[in-house]
């Protein structure tokens, strides 16, 4: 059971709504994922219009919404977006994203901390997307963020846990949940993150652009469960030499 | 469905009987793994004695046996062991292992090919443990092996797919099933192998020496399913830059 | 030729004074390294005392000094240390280090940017040690830092370029010199950094604690030259298949 | 000093003659590399013709020739090629290459061992190209090969030491020189191999197809020297935590 800000979640797999080829495919994939917390960009919502395609499927699924501030380049823009989203979606949960660079979408540490501080004071439940920076994660935690969301690799790159050595330090030091937020491109990578002891992973692109998004969502669901179970079961140590699993002597004695 | 030599298996996770702290723990773990094909060393069997501890649990589980020639250092020794095991266990299935080196237990390519040729002619269903050597795998296939079992890393090292780049070539070229046989130390690594398109994995040490072997066996079961499903669903390509999963413009226009 | 703040350096290998077993060994090793810019902690200097052991060898070598603020946990402490060092060493060059965490010595992005801004205004030539965070490097550059010094791995860990994927982005975007500052534990790693196009590397621990620090310093000197030359010569692309360097047909035609 | 079959070589960098855009460029690059042992395919020689372009530059350089059997698919073909090359080039040194697969050019373990045994008996100095297979390397050594030449990655792929974990075992066990033969695509990779304790590396493609082959040859020369020197100087251990190179207390006491 994953608990963020007193909300209990059965699934440690968070998902998103981007890049699906249709709203119905999105609905089927999110359903297969078992995800209970789904992020969406404000822009995805056609506020106040009937044609909106994203929100009804999410409401049908009964998932919790985690609006994000994707597109914000400064703390000021992110705070503005947060206010809009709270009003539009009637939730004070927020995935805080600030990325001035449009090529790699990497987060801005300084602006993110600044915005987090303001938004926590205003009563938001803030989950900040950030670099795999252990010191920054400490500071985000200190200003009251409900979780930290360090990246594995650039958003949408599907390159996995490029930052694994730094994620390990974050996990070791964190007192709030750690959710790996970007770069996970295959179920094995999600499992690896869970085996390291992170509390959850957010996967969007790798599901949405898979050949079969519904099957891939199911694969991620299993992989996250596998990784968590392995973490709890206690992974064995690695060895630089071989250790026989079968005995090496005996039957040949009779030769 | 994995088919080896006309035998159909629902589970793509092969397991072994080594290193468990008790026979009952072994039974529970193998049951949780869902494995239908289990390797065991001849030495594990106390041939002709009632006190034998390994065989009854396997018979209870109803799994297929895959006796191995662990401990053999030459083709001759392996062939001798094969004959013994066929007699003792009433199966002509055989995991062929020849490793003259006792420190790293790495297989001997030349002796393995030589023994495989003989044993196939004698009617054995031969699954050879071998290095991740694409040319050797071709030759083992050509002499009639029912599958090839290249290693990921030294036996019992839990170091994962150190040979991944060569495994990829083996998968690309093989016309018999490819089972990754040694080195897999975590469910994420099993999932990664399956995502690459291997047909199955054999895991023993990582389950047997886990803190909780039964839970770990379950984790591997899920991970193998996840990896296979992801392979079939079509994994997305990786990218060296970021690709936004959320749109990057729009909501800020009103500022 | 590496140019930082109008100072031209023939050597792209920066070094440090920590961890050597004696001052004379330090002098020999730094001499063998060919380094022209050497960092030292304020504490290493026994200010105002004749017995000081570190400074005279450096003066003998004729290297430029790059005092650092190692030990500072906040911007305020770093600024205080900077003032002390300017007074003591008569240089306005500064390696800015702020690391509140004593276990991993990872830098604090927010405090580092804050201190950099103040110190640049005060006329310091600021080279900040920072995480491999492309957005932060942009901001440090914007406030006037003379170079950026992202880490490869935690200080003294000798683990190499764990952050290589992010270093690549920093190199692509930077308009000031990029010096990889921590974690480089072997000449091959220094060469790899240079091949990626970084402008220099700083190596201290790997030289100081080597079996033979003087020989190791010479090895790093060669490796940095090799990596730079390879970068300039244009490295070939990698291929997922083989490309023969020898022709594959011909001589056998006569068989 | 590298000694193979009683021949002493000052350079641990072996090179080849393939893929250069002209014979004069080849000559300049090989000269810059400092290499004293150069491999060439039989086909490169226009036997008995005056127009031959490859041999005169090599004779001018005064390097030792190491003819190879590239293109051979079986032991029989390789032995035939060996006889031809001995006659044509007046040397009994031989780089034995047998690769039935034309896509990845990976060596055939069984045929290579078979040919090596014959050729050693016939008085050749045999240096076999082989997979990074520690058991095979033992056997090649036992039949009298003068060195072993395991691959890092497929020929011409420039992908580096994909086989590094197995190369380490080979180095640990070998009593003849170990030369990494294929896949090295950058000076840093050559340095890494040397740091692991291999006795030499063979580089051809990465030099020949570089933007500036002469400069790249010089870069490899330096990198091989750097890696060897670091191996001899004793590389420091790695650490999972940070170890300060500068002291962390002291100057702040006065605050």
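Here the chain labels run A, B, C and D in written order, and each chain numbers its own residues starting at 1.
In the analysis below, a residue touches a chain if its C-beta (ideal position, glycine included) is under 8 Å from a C-beta of that chain, and two chains touch if they have at least 3 such contacts.
Which chain is which protein? Per UniProt: A, B, C, D = Thiazole synthase.
Just so it is clear, the model here is predicted, and its values are computed rather than measured.
Of the two interfaces, A-B and A-C, the higher number of touching C-beta pairs belongs to A-B. The most distant chain from chain C (Thiazole synthase), with centres taken as the mean of CA atoms, is B. Separating the centre of chain A (Thiazole synthase) from that of chain C (Thiazole synthase), both taken as means of CA atoms, is a distance of 34 Å.
Multi-chain contact residues, meaning those touching two or more other chains, occur in chain A (Thiazole synthase) at positions 104, 106, 159. With chains as nodes and touching pairs as edges, the resulting graph is a single ring in which every chain has exactly two contacts. By the definition given earlier, chain contacts exist for A-B, A-C, B-D, C-D. Only residues 99-101, 104, 106-110, 113, 131, 133-136, 138-139, 153, 159, 162-163, 165-166, 169, 173 of chain A (Thiazole synthase) touch chain C (Thiazole synthase) when the two sit together in their complex. Every residue of chain B (Thiazole synthase) that touches chain A (Thiazole synthase) in the complex is listed here, in rising order: 16, 18-19, 39-44, 68, 70-72, 77, 80-81, 84, 97, 102-106, 154-159, 182, 185-189, 191-192, 195, 204-206, 208-213, 215-216, 218-223, 225-227, 229-230, 232-252, 255.
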